Structures are given as structure tokens and as C-alpha cells.
Amino acid sequence: MNAPLPTRREETAAQRWGRFSPISTGEEYVASLRNRGVCVYLFGEKIAEPVDHPIIRPSINALQATYDLAIADPELATAHSPLVNARVNRFLHIVESPQDLVLKNRMQRRMGQLTGTCFQRCAGLDTISVLHSITWDIDQKHGTPYHQRYLDFMREAQCNNVIIGAGMTDPKGDRSKRPHEQADPDLFLHVTARNDRGLYVTGAKAHMTGGLNSHWICIMPTMNMTAADRDYAVVGMVPGDAEGLTYIYGRQSCDTRALEAGDIDKGNARYGGQETLVVFDNVFIPWEHVLLDGEYEFAQPMVARLTAYHRASYVCKTGLGDVMVGAAAAIAEYNGADAASHIKDKLVEMTHLNETIYSSAIASSHEAQQLASGIYMNDEMLANVCKHNVTRFPYEISRLAQDLAGGLMVTLPSQADFEQEETGPMLRKYFQGRPDIPVESRTRILRLIENMTLGRNAVGYLTESLHGAGSPQAQRIQILRGMELERKKGYAQELAGIEIIATDAAAR
Amino acid sequence: MNAPLPTRREETAAQRWGRFSPISTGEEYVASLRNRGVCVYLFGEKIAEPVDHPIIRPSINALQATYDLAIADPELATAHSPLVNARVNRFLHIVESPQDLVLKNRMQRRMGQLTGTCFQRCAGLDTISVLHSITWDIDQKHGTPYHQRYLDFMREAQCNNVIIGAGMTDPKGDRSKRPHEQADPDLFLHVTARNDRGLYVTGAKAHMTGGLNSHWICIMPTMNMTAADRDYAVVGMVPGDAEGLTYIYGRQSCDTRALEAGDIDKGNARYGGQETLVVFDNVFIPWEHVLLDGEYEFAQPMVARLTAYHRASYVCKTGLGDVMVGAAAAIAEYNGADAASHIKDKLVEMTHLNETIYSSAIASSHEAQQLASGIYMNDEMLANVCKHNVTRFPYEISRLAQDLAGGLMVTLPSQADFEQEETGPMLRKYFQGRPDIPVESRTRILRLIENMTLGRNAVGYLTESLHGAGSPQAQRIQILRGMELERKKGYAQELAGIEIIATDAAAR
Amino acid sequence: MNAPLPTRREETAAQRWGRFSPISTGEEYVASLRNRGVCVYLFGEKIAEPVDHPIIRPSINALQATYDLAIADPELATAHSPLVNARVNRFLHIVESPQDLVLKNRMQRRMGQLTGTCFQRCAGLDTISVLHSITWDIDQKHGTPYHQRYLDFMREAQCNNVIIGAGMTDPKGDRSKRPHEQADPDLFLHVTARNDRGLYVTGAKAHMTGGLNSHWICIMPTMNMTAADRDYAVVGMVPGDAEGLTYIYGRQSCDTRALEAGDIDKGNARYGGQETLVVFDNVFIPWEHVLLDGEYEFAQPMVARLTAYHRASYVCKTGLGDVMVGAAAAIAEYNGADAASHIKDKLVEMTHLNETIYSSAIASSHEAQQLASGIYMNDEMLANVCKHNVTRFPYEISRLAQDLAGGLMVTLPSQADFEQEETGPMLRKYFQGRPDIPVESRTRILRLIENMTLGRNAVGYLTESLHGAGSPQAQRIQILRGMELERKKGYAQELAGIEIIATDAAAR
Amino acid sequence: MNAPLPTRREETAAQRWGRFSPISTGEEYVASLRNRGVCVYLFGEKIAEPVDHPIIRPSINALQATYDLAIADPELATAHSPLVNARVNRFLHIVESPQDLVLKNRMQRRMGQLTGTCFQRCAGLDTISVLHSITWDIDQKHGTPYHQRYLDFMREAQCNNVIIGAGMTDPKGDRSKRPHEQADPDLFLHVTARNDRGLYVTGAKAHMTGGLNSHWICIMPTMNMTAADRDYAVVGMVPGDAEGLTYIYGRQSCDTRALEAGDIDKGNARYGGQETLVVFDNVFIPWEHVLLDGEYEFAQPMVARLTAYHRASYVCKTGLGDVMVGAAAAIAEYNGADAASHIKDKLVEMTHLNETIYSSAIASSHEAQQLASGIYMNDEMLANVCKHNVTRFPYEISRLAQDLAGGLMVTLPSQADFEQEETGPMLRKYFQGRPDIPVESRTRILRLIENMTLGRNAVGYLTESLHGAGSPQAQRIQILRGMELERKKGYAQELAGIEIIATDAAAR
């Protein structure tokens, strides 16, 4: 084990919270990210102020919208928290009922409609949900003080209205080896030292959603752990500007269009997603912010419960699906093709698939069950079913949207060409469709569809739909585990007139 | 208009109810069907006592199971009815909350697991649900007494614990013509005469589910009506043994196996579905049992609301899906193939599809809204999405079950050959699979899969899944109507930076 | 090893062929099946003359059609055979070119159009194709006389114009064990004795297509064999009426409709498929008809080559698909719905899927390669692709046909009810659709669709499409073997700019 | 009609050809594009020398590869041309047999494997194919000299080994109006003047593949024409550097990565596609290069035949599919996941889909028929089926490739970050997968998959697969036209026992 660097400030929880002040508006949120001195690299350069970087800013705007929505639609996007006896942003609310989960899903869909991208705040919400019950359960077994620490943290989090990011996915290295077996011990994040003030962790969290835009990162295990992996079983809250953190920005399809002049070719100029590699080099966490340390047997249920919450959160993609349906309907109209029966039929199919996803998510929420700690958790089978449909249907919705868009979506010249004095008139002349629709409207919708099916937000709408909250096979494994074959064999045997004899098979 | 036959007894509602006595058990239900003197034809012959006919009986058994379940699991299959201040069979319960609809769905899935077929009681339940609000709404507009008549009828129905069948689908004749335009006026059921005691109707109801097994048939319009179709806009309750009724039994794939000795080749010897053509030849209905007469403008909302309820009722197919999953898992085990990864993967896919259907149904129920009459109605979009998935996924589940079954499912000799002295030993010798599994168990499961994918209950699991509660295109039309393109276009335009100008298009 | 029964006549090849005389017409074919004294069981009874049994006859009719087509369309269904210097039925022709395989495919599609069922002659044709090259290859290695025996047999077969059935699938017992490891040694067919006149075999061949309708059965190994399975590695020609053979008839969905009066409810009254279990109890084969005996290492290539031929033969299902498209188009027309865009779109989809299957088959044939023996063999990858599409698309085509049919397909009363004096007029009145189309035409088409999607010929169109010539996973294994990942990785690495280093991985 | 600009040089055909010299190698091809003085705009700027522009060059490289392949594999990529009695590049060869079309398909697949993109030369090849028969047919009817002009042009084209681009797609404006009805007459390209030396055309050709990289552009009608559209019915050969031509470059997803340093993030640094808008402002064509002028009735068959050729040319996507399969297999191996059964199963599925496309294409070619002019044309139905599968399967292959790639594909930092001194070591440490595979290999394959599923070559692999050679609905219309419902209804009616009465329906 490496020695911790001697130069880290070993701040207390209070010192760390002391740097925050309550955030009320989206603008205050953006301001809160400034001047934090975080160490961020993008395109090989250290970024002085991420908030002002044109590639990074759209991802901040998406998170800002979660604050703005709380003001614009408090019924949907806030909830009364008994913890602080006040309304808090729903992204910080502790789930008290199935209805809370349903409202969460509605808010997620709404956010998808408003931003057309990944707004990066769900994994954090689902993390605070799972920690409620996990800390409770550990305390019951081990007499640890984690649940109270959790409540204390949440009280501050709600009062200050902060963003908590989920630092879950370790790089994993050689996938055939467990954490403690890796050639490089850092390929899973782990505790490197402990003292009476706290502990130190080293490692990295890969493709972390909205990592740079979060005030706090909750580090946690990415998979089940054994006794030999004890130092890898750690949960703690780390401020985003902690010493020892380095962010390396992940690039996305068409990311540099954000650096271009003009807003058309960006497709969705305001909003985008964000994934970063976050490197932890002996980062200090005070004990008050440690919520699990070595109780390795809770890593597995923690992951299982997180996926139960988080796989239903992929309902957000139905908000993006609504945008896709709308964009496809708009371009069909602009092309003068909206009355064709095959066009309407494709819009129906897109809607059918989108609503199928929605139904799996809200069904999972409505069917939530209460856990011992008092919190409610999504129905696990239906959450997996939801996410599994998300790994399929957005691709088909996207294909259908491209079908309605027509080939022009990928052959359209640049905005600069539309604005150039020689080519501009030619383009406006030759790309006129329905006479009453401005050519620019047509190009804007085409660029939006490009953005969501090939460009920057295709990352969120497609690839993240595939891999976020677990790749397709992860859902299949959970469905396999939960599908209760023996019970169902019993139905078949009963109807077939087979006398059922208890066998070893039944015990499998 | 034909003159009514003079010989019909013009019974009052009280006289008609007077022939009933409360049914407590499944056995009493079966007894209640005896000696009714109904006029039934099957294979060209008039059937003396349908209850004892081996082809008909399995369909009665399926309905019997709805009574048995109420005793075995009253939490699930009964509900407290304020109307009679007692627990009643849930198939007769007036929906008071979303939770009532969710419990209905669970009961439907359970019934599917128990019977592996169509248990024929959902359309009636959904009919009494829709009549609650429709009669209310008509009375509000026209000052009619329908809602009270409805409540009076329901009180008797609940007390006597009867089965109400839905007589909805008219033969329709030339589909390009409206009811009053048909060459033969009887191609839609209609009023032929009215007097101070009641009215007479003539026509037919096609492929009526469980018609012969019902105590009452509720006749109602099958589609929207115009002023010219006024006589076709009629709703009324007809006892199943009313004078003037003739039932002609629909045949099903493999129906005559029910006439064979032995229970193996039947696949599911106990349970089956039933569809009949019911011909109405000047059937009398007393005014107390008339719930709509000429208020044609309510035909359209009546159909729309009925499909909202009924398309979610197709959740029953997930119960059959559970049987399919169980049967496929059992045959894989009996074949010694259950450890193969591709086998497990196919079981996962079957489950995923089945649970996707389930989620759409219960989501639709959880999201139910209250109507003016006080009753709750399923979310319409999600109910359509549910049914639309039902038109697809059971076919794929069925294909996967056949995949796991192996070809033997369609080449297996008859039970008689297994019992014959020469061939029996050969068959038992050569069809032995895993040594610890009796050959008979293997054949029984194969016959069950045949029953549900090709045989008698394939009618319910496949074709009825396609066409019941409306064929696929009917759902697509409803999804088209409900998909709110203008709202979604707005999302896209906002993100694309298009200034939205109010246009005629927006008004479409 | 059991002792052979002493009572078998040990006939020479010449004696066996002596009982045949050349068949010229379909009628002569049917006559040739009479009075053979074969031992057949069906529904627990021994059948005196299978040719006259109403359940069996439609399967004979289907084979008869292969003779009739040779007369009606000799260009398509016959070919010049150098072996006998005369035109022979193409089902007996030795493939001399890719074009021969293409013409075979066209003939198969045509036969499917004409019969709407499995005409049972393809497996035999593909067997004689594979034996050409396999006997050649064995002789090259072992100096055996098999290829000449094969040519002698084929000369007689072509002259007498006989039907050869493929006896391939052993019952297999416990699938985790090899042939010689089975508890019962007979679970794979094997040699029980040899003398200077020939050898004896015992065992069974399961779900043998057209077994009872064949003049000869070619027994052969069902999978690869090891040295310890030497006695199981045997290929030989057995006359269908050989001593020691017992046929047990496999039942099919709706099989007993063939016993009913009237031809409507049968759907396809003339044609059906046939699968039997054929039990071999010490059946004698003279050496002249033994084409492999103990050269176990050729079992694997024999199976592989047979599937290359046979998986492309499933092109026959496109002929059935043509019938489905036609039936769906007809019922849409009879319902007056054929102008609806969604109806036309579904017919297009059915056609698209059907032609996709066709293209894989004929592509496989066009791309055939010549083997050492001089015969041509289908491209293996494309044959597997063809068959794999056949395991999917007919199910979707069938679903779409049911969609167009409407629910009446499964609720229609029996022909007897249409003919009964009371119900006949009612049914004709109420099932009238488009006024100019007879009700009977509508019912006939509905019964045909029922026949092919649920009834007797659904066995051939659906389940056999899934499992015949190998279940889906069998094709996936072959595709896995043939997909040349290293070559394709090379393309990717080259484009990605990766220097390719020879590694162990490359050798896998 | 606008007056032609007086300043155009009215060159003869000989003058135009005089500027060419025979091209032997890929390098000579690139050289031939230099210094042509073409007017090209990209990102609002006029490009001095397109050959040297880093965004344009990869598209030139792809065409260069068609020359290189002719040298590397002459059997595949050249053919003997009777016209010049020499071997010529197969992209210039006039089809003499089905085998020529099959070899064309193999060459197209090979080119796809080599370039991973659209190599832009197929539309031109298919255009010269269709002109052979169309010019012949017009001459037969009208006594015109087009076929001889065509042969003269082709002789020069083959001798000089030039690239011919297909200028087909007009902007079309309001799609509900015919060419002569458009508000702006230029929305379809048309003849503006004629004199004794030639004619002038004005208009534009949209998303023209490889337009800028072609030596000649063949302008032709994009759809059927009426007598009123006579001036729009024109076919002619225009040199790419003709006076009056302006090219406006279409932008693609991730196009500007070509401007970045480093080759990794480009994914496929060498190759890309190209689509431009080509504006024709009174461009002169000498009569020798006019191949149709006003014979409007031939526009429809010209389009139909072109799609027969061109829809089978989409077999090229199977070459890209091979790259996808290889890339997916490689990343699975680099991740250490290649032994998992679900991974292998997904590779099998990708291959199955890819080979299904291949089979439709080569089946269409093998089944080609000879036309009156002597040339062979692809089977139209199968060509449509091929292209229709291309509109679906690459999307699913792409989804599966992203599945195997894992989320890192869209969160990977830039090459610059890998090379930066602070972040480089971190990234190499944390993105190490299987210990024996360089991190750079992993990133390169991930960038290649990004390139083909989201980036620059996703344009060719996905969107162009959807819309090139006609959008999905265009194939469905052709399949509808060719599916011969009456013949297929006849099969069904025959089997169902329906007496077929000749009706008007039969004539439809």
C-alpha cells in the first residue's frame, strides 16, 4: 500500500460543508461551480475555468435545468422533506412512497423533453436512495454509525441544494480477475490509509456522468466484494474540489461543433451530457463522510438495489424519445410528407416503443416495496425490464427518425455555407421544401435529429441507453435470477397433469 | 322493420331475476348452467345439455375457476362492494380506485396461470365498468334513468354472483357501409319494436367470448353511431336463456381431441376457451334492463372507454406466458438441456417480453383517472400500448417455447399408441430422455406446449391476443389519436432553436 | 449385442430391386405403395392399408404431386441423368452444377405453392447428394467399394423412379451421453450383427419425414462419431417394407379433421405432411446396400455436408409463404379491406420476408462449389443463413396472415353447422362480407389460414421450419464456425491503424 | 427560360476528352484531380485545392482504393472489355453476364472491407449499366443516335479510366408538385437552351456521392416525367470541371476530427465518404454527350432499371459489416470478454444479418436477365429485398457492436490527453484491459466503432444505408408492384377448394 501524500488537508466534514452556501436558482448553481480550482484536462490542456468552456458548458446547462424546473414546476420537481421540514429539490429527496418514485419518473421524462440529453443527476439521486437502506442494514448487523452519518450528510445536502454525483464504475482492468488480484491494485478504487480523522482512497472512476458538474462525489463499490477485497469495499462522500482529484474529460461525437460559430450545426446548442474519468490520488475523507468501510458483504446488495432504482431512471430516455417523435413529425411536415400513411405509421411505432419504455418504468415505481429502513425501492424485475427495453427501442426510434428525416440530414452543408454570400443564396434556393416553411427551420430540425442519432446527444440517447446502469447482459442476468422458474414450471405441470415430485431440481 | 314474434314472454326484470339464486361456489356455478334450455348447435347438432358436452365443458371449467379462486384467495379475487355492503367477486366489482384496477390485473394474471386459457370473464367486467360512467353521462345530458337502472342491475348481479357476458361485435357485413346502409338491416343488432314493457332486438353478436357460459349478455354497440343509426344504438341486459336466442358454437384448432379417450393428447384437459355466434331473433328486454336506447352519440365514447379498460385486461396473457415459460423450462429440463446458455437466454427473453406486457397493463391501471360518475378508468395510451404488445410478444414467446420443445412436439404419436401393447413398449423405450424423468411427463409437457401454440388454447394465447379488444390497427389508430404531436414538435423546435409561429398546422 | 432374429429373409440387392417396376405417373406411385404389408400403427391400431387411411392419404398426395409435376413441367422437375442417359425426376438427380441446385430450389418453391405443405422428398434428395461425395472420399482413404455401390443403387433408383427417405434422427436418449454410453444401446441405431451376406441393424429413427411413403429408407448417423461408436457409424439402404420395421405415426394438430365429413374445415383437404417413428428390429441390409460401415470419422463431414444441402432446401417454405401471402390477400379482399394502406403494407412485409428466405437459398445454390467426387455442394454459410431465417420469418408471416384474417378464423362454426337446416341460413346470413363474394369462399380461405398457422400444415410451415434440418442453435454453431473472425479482425485492425502482431489469439 | 450565359466555352466532346490522359494507378488518379480549378465551398470558404484538404482527402483515398485494387487483385477488380479489347477497371465494365454482376458484388464487398466507408463509385457504374439498355431502347423507338454516342463515350471512359459520378437527385422542392409545377423552375434540373453545338442545363443535384471526386457527372432524371416535363427529361455527361458548376460540401458527423492532429480519434483516418450539392448554372453539354433529350417516357424505366442495379450494389455494406464484426470481435478480445457465450452469440447474430444482406444481393445478380440491348440486369424483386434489408440490419449490427464495445466508446478522452504528460500516464494506467494488449490498440478499435456507428462513416454505414438508392418506402412500393398477388391468391384458392371465377379483381 502506498503511503498517503503528507500534504493533503485533512478537513472535517464541517470544514468541507463550510465552503457551501444554499443554492436557490439555476444561476446560483452555475456560479457555485466557478473558481473551485478543480484540475480538469480536455484535449490535452488543463482548463482554467470549466464553466466557461464551450464544450463543457452545455452539460452544465443541463444540470442547471434541474434547478430551473424546481422553480418553474415545484409540484413536479420538489418535494417536502421531513429531514429539513422544507421543500427540497426532488433530486435530493428521500423516497417516502411509490408515488415519490412515480413523480421522480415524471420529472425525469420532463427533463428529457426539456434538455434532449442526459441531465446527469439521476445516478446521484439513486445513490442517496440506496444508501438510506444500506447504511441502515449495516448498522443493524454491525452496530456501525453509518445511517446517522448518512442522515447528517443528507440534511446538509438538502439545505445547500447540492449536486451529488455517483462515482461507481472502476476501470476494472483484467475482467477475469477480482479487485485484489489485479496486477495494479489501483484498477479498483481502494483505501490506502486510515487515521483517526478519516481515510485515504486511491484509484479512478471511469465514465462518470456529470462528475465535473457535481459538488460531491459518492464513491462506492462497482460490484460484489469478498473478504480479500475488504479495502475495496468503501463508500464515502468526496467534495468535487478535493485535493488529489483529476478530471479527464471524455470526448463525444461532434463535440468540437460546440467550438464553432453559429448555433445551427450544433443541433442542440444549449444542452449536452458529460462523462469524465476521475482519478483519485490519495484523496482524504473524514470519518463523518465514510458510510461503509470494509463491510464487503454489503457491496452486492448495494449494487443490486442501486440497479433497481437506476434502471427505472432510464425512463428519462422517453423524454428524449418525445423529442425524437416531435422532431420526426416536424421534419415530415416541413418536407410536406406528413399526410402519407407510412409516415404516420412510423410516428405511431416510435410512440408505441417510447410508451412501452415509460410503462415499464412507472410500473416498477408504482410496484415499489418498502425496505426495513423505511425507504421504498422499485420493483426489481420491472426495473430490469425497463432498462432492457431501453437498450433496444431508442435505436429503433432513432432509425425511424432518420427514415423520416431523409438523407439530407447527413449531406447538409454547414451553417457557414448558408451564411456565405455566394453559397447562401444557392442553398436557400435549392433547399426550399414546403414553400411556407423557412429553409432554416428545416435545417435546424435536421441538425437536431443528427445531434440525437449521430452527434453529441446520440451518446446519451443511444450508447448510454445501452450501457448506462449496466449493459444488456447485466439485465438478462438479473431477469434470470428473478424469473422464478420453479413456480412457473409448477403451473405448467399442474395443467399438463404431471404429478410433481419434489426433486433436487426444485432446489436449484 | 319486422314485426316482433307475438309469442315472446314479456318478463319483467323481477321475473327474470327471480329465476336466479345466489352462487357461492364453483360447483354451484356449474349447476346454475344446467337445465336452462338454451338452444345450442355444435357440429350441426343441437346440444341437449351443454354443461356435459366434452368440448364445451373445459370452457365452463375455466369460468368455474373464477369462483373457486374467490374462495381460495379472497384478498385477490373478491372486493368489498359498497353497493351491497359485502365482499363480492372481483369480476363483479365496481372499480373504486387505481388499486382496484391493479388488483384486477393481478387476478387476471393469476387466472391465466391457473387455467392456461381464456377464462372469458373480463369483457363482462369491463362492460359493467364502462356502463357506470356512460349511463351517468347520458343521464346528465338527457335526464334519463339509466344510471339507477344500472345500479339496480348491479346490485342483483352482485348478490346473485352471476356472470355477465359482453355482446359487442356485430357481424358488420360490408365494412364500407354504416349499420343503416347494410343490405340486410340485421347485420348490426338493432331495436325492432318498443312497447310499454320493453323493447325487442334482432341481429347477432359474433365470436362472443363465453357467451353460452354467461347468465346475462349485455348487448351494446360495436362502434360509433350516427343519427341515422339510432335504432342500432342500444344497450340492454339479456338473460342467457332468453327466448329467441340461438348459440352456434365456434370450432377451435384440435377441438375434437376433447372427445378422445385419455387426457394426455388434450394438452390441457381441464380448461379451454369458448367463442360463439349468438343470434338474436326478436329478443325482448324489459325497460328496467335497457341502459341506452337511441342516444347514439354515446356509442363512440362507450367503445373508447371499453377499450381503455379491456386492452389492459389482456394482461391475462402474461399468466399464460408464465405457463409457457414454465413449460419451456420443464421440457428443457426433461431433455437434459437446461444448463445450456442459449436455453437460459431464451427463457430470459420469454420472461422479458412477458413482463413487458405486464408492466404496460399495470402501469395503465396505476395511472387510472377518475371519471365524473366516480369510477376510475385506465390510462388509455398505456392500455393501447399494452394490447399492442400483446399482438406481438405472445407469438415470439410461443416461437421460443417451440424452439425449446424440439420437433418431437409435432411428431409424437397418440396416447393410444403409448397404451397399445405392441407400440407402447417401443415408444417408452425410444422416447426416454433424461433417465430420471418419466416419458409420460415429457409427453405431457410437449402436448401442453402444442395445446398453447398450435392447439385449442393457441386460439386464446395467439389469435385472440391479436384480435381480441381490437386488432393491431385499432390500437395504432388510438395511439395516433393520443400521441400529441404538436406538444412534442414543440419540444423539438424549442431545442432546435426554431421560433414557433402559430400556424394552421398547429391546429390540425 | 442381441443375436439377430433367425427368421429374417437375407435378400440380395437384386432380389429387393426385383420387387420394383418403373413408376411413370403419380397414380402409379400411389399404386406402388399398396399391398406392401408394412406394419403401421396410428391411434393405437394397426392400419391395414395406409394408402386408404384418410389421415395418411394427404401426405401421400403431397408426394404424388412430385410425380405429377415431373409430367406437367419437365423442364423444372426433371433433369437428364448421365447415369442412365435419360431424363429422371429431379428429386433423384445427381447435382452436376450450381444451376442444378438453383433449379432444385425453384422446384421446391413450386411444390410448396402446389401443396401448401411438406412434400417429404427433399431430405432423401439431399441424402443422395451427400452420399456421392462421402462414398467417394471414404473410398479414397480406405479403398472401400462404396462409391460404386452408390452409383449402382442410384441407377436402379432412377430407373425405377422411387422415393428415398432419409432416416437420420436417432432418439438420442440422454443428450449428455455419446451413443455407446447410453443406458440402452438402441437409443442410437447400430449394427447388431454382420455375416457374408450383409449386416443387421437395430434402433429407431425419430420424426422421419415421409417415412411410410418412401420406397427406401437411407439410414445414416445423426451426428459425429468416435472410435468407440464404430458400430453406430453405418449407412445403408433399407426397403420400406423390410422385415423388422415398425412405423408409429406421429399425430399432428387437427389431424382428425381428416376423418370428418366435408372438405372445408380441413383447410387444405388434399395435402398434408407426415412424420413417423420408425423402429428397426434387427433389420437386414445386404452388403451391396451398405455405404458406410465403421468409418466413423466420416460421420461428421457427412452431417456437415448434408446440412449444407438440406438447409438450403428449406426454400420450400417460400412456396408455402406464397400461399400465405395469397391467402392473406384473398381474405383481405373478401373482407373488403384490401385497399387499406396498412393491409397492403403487411402484404409487402410478408413478401419481403419470404423473398429474403428465397434469396438466401438460391444464393447458396448459385455459390455452390464442386467437391472431389465431382458433385456440387451448396455454400455452407449461406445455407445456414437461409435456414436460420426460416426459423424466424414464417412465424412472422403467419402472424401477419392471422392479422389480415381477423378473429373469425378461430371462431367460425363447423362445416356441419353451415349445412344444418336451422343454423345454415343463420350462418350464411350473418357471415356475409362483401356482397359479391360467397360466404363459402370466405370460410374456405379462413380454414386454409387456420390450417397453415394452427392446424395440420402449421406443423410443416412453423414447427418444422424451426427444427427441421437442425434447430436454430445448430445453425448458430455452424455460423460461428464459419465466420472467420481473424480475417475480419484484420480488416478492423488495418483501418484502425493497429499494427497486427501474430499472437496465440490469431491461432484460435 | 433564362438566357444562357454568353461566356461558356462550347467545347466539343473531343476537346473535353482531350484534357484527359489514361490513368493507370491510384496515385495518378489523385494527381488527375489536381489543378482542375473546380469551384468548391466548405465551411463558408472556397477551397483552393480540394485534393489537399484534410476533410476531403479521405473521400478521395476511398476512390483511389478502387484503382489500387485493380492492380492488387485484377481478377476481382478488372474485366476484359470487348469495347476496347483490353482489361478495364470493373467499375467501368459493361455487364455481359450474371457472373459479371456477381463479381461486381464481390468487389463491392471487398472495397467495403478495405475502406470501411462509401467508396462512391457504384452509382456511376450502375448509371452506365442502365444507359446501355435505355439508349438502345430509345433508339429503337425514336431512331435517335444515343446508343452509339453512349458507346463512344464509354470507349473513351474505359481508355482513360475515369470516374463517372451519378447526378440524379434533384432538390424536388414541394414534393406534392411535378417538376414543371414548381414555383422555382430550377428545383429540378432542366434544359435552358439548345443550339447546334449542344444544350445548356440549370438546376442542382443534391447529396451527390463523390461528386467532387469524379471526372464526369452524368445528369439524369430523378423520377418519372410527363410530356409537360419534357425539358426536365435530359441525360448528359458533364466534366467535373465544367464552367458553371459549383460544389457545396456536405458536412458529416465528426467531420472536423480530420482537422485535428493525431490519427486515433478519427477512427478511420484514411477513408471517408463524400456528398455534395452540385449547382449547375447554365452548364453546356455538346450533343455528342447528350444521351436523352425530351424522350420523357423513358425516365420511368430508367429510374426503375437503375434501382434494380443500384439496390443490389448496397451489398457494399456487407464489407462494412465485416469490419464491424471484426471490430466487435477485436474489442471483445481486448476486453478479455471473448469467451463469454453471449458475446459469441452476438457476433453470430451480426454475421447472420450481414450474410443475409449478402445473399439477397448476389441472388439478385445471379438471377439477372438479359435486356434487349444485350446487357444483363439484376432481378428487381431481390434487389429491392436486398436494399430493404440494408435499411434495417446495419442498424442492428451497429447496436450489437456498441454493445460489445462497452460504454468507453463514448467516454474515452482525446488522443491529445493520452499524449499529454500529466494525463497520459493516468490514462494508460487506468485504461489497461487485458495485460497483453496495448491500451492504444483498445482505443483505436473503440474509435473505429465510434467512427462507424456515430461518426463520419456512420453516415455511410447507417443513414446512407437507409436512404441511398431510395428510402425504405421506395422499396416497399417496388415490392408491392412486383409481388403478383393474383398469382398467389390463385395458389391459396386452389388449395382451399375455391372455384376461381374470373373477376375484375383479377385484372387489377
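As written, the chain order gives the labels A, B, C and D, with residue 1 at the start of each chain.
In this text, contacts are C-beta pairs under 8 Å (C-beta built on N, C-alpha and C of every residue); 3 or more make two chains touch, one makes a residue touch a chain.
Fair warning: this is a prediction, and the values are worked out from it, not measured in the lab.
*Asks:* Give the chains in contact with both chain A and chain C, ordered by label.
*Replies:* Of all the chains present, those in contact with both chain A and chain C are B, D.
*Asks:* Which pair wins on C-beta contacts, B-D or A-D?
*Replies:* So, comparing the two chain pairs, more contacts are at A-D.
*Asks:* Can you compute the centre-to-centre distance for chain A and chain D, using the mean CA position of each chain? Integer Å is fine.
*Replies:* Roughly 39 Å, centre to centre.
*Asks:* What whole-number Å value describes the gap between the mean CA coordinates of chain B and chain D?
*Replies:* Here chain B and chain D have centroids separated by 53 Å.
*Asks:* I need the residues of chain D touching at least two other chains; which ones are they?
*Replies:* 342, 345, 476
*Asks:* Which chain C residues qualify as touching chain D in the complex?
*Replies:* Those in contact with chain D are residues 102, 113-116, 263-264, 267-271, 322-327, 329-330, 333, 344-345, 347-348, 351-352, 355-356, 358-360, 362-364, 366-367, 381-382, 385-386, 388-389, 440-441, 444-445, 447-448, 476, 479-480, 483, 485, 487-493, 495-498, 503, 505.
*Asks:* Quick check on the complex: what are the chain D residues that touch chain A?
*Replies:* Its residues touching chain A are 41-46, 171, 173-176, 183-184, 186-187, 204, 206-207, 246, 248-254, 256-257, 260, 265, 275-277, 279, 335-337, 340, 342, 391-392, 395-396, 398-399, 402-403, 406-414, 416-417, 419-420, 422-423, 426-427, 429-435, 450, 454-455, 458-459, 462-464, 466-468, 471-473, 476.
*Asks:* Provide the residue numbers of chain C that touch chain A in the complex, in ascending order.
*Replies:* Chain C residues touching chain A: 341-342, 345.
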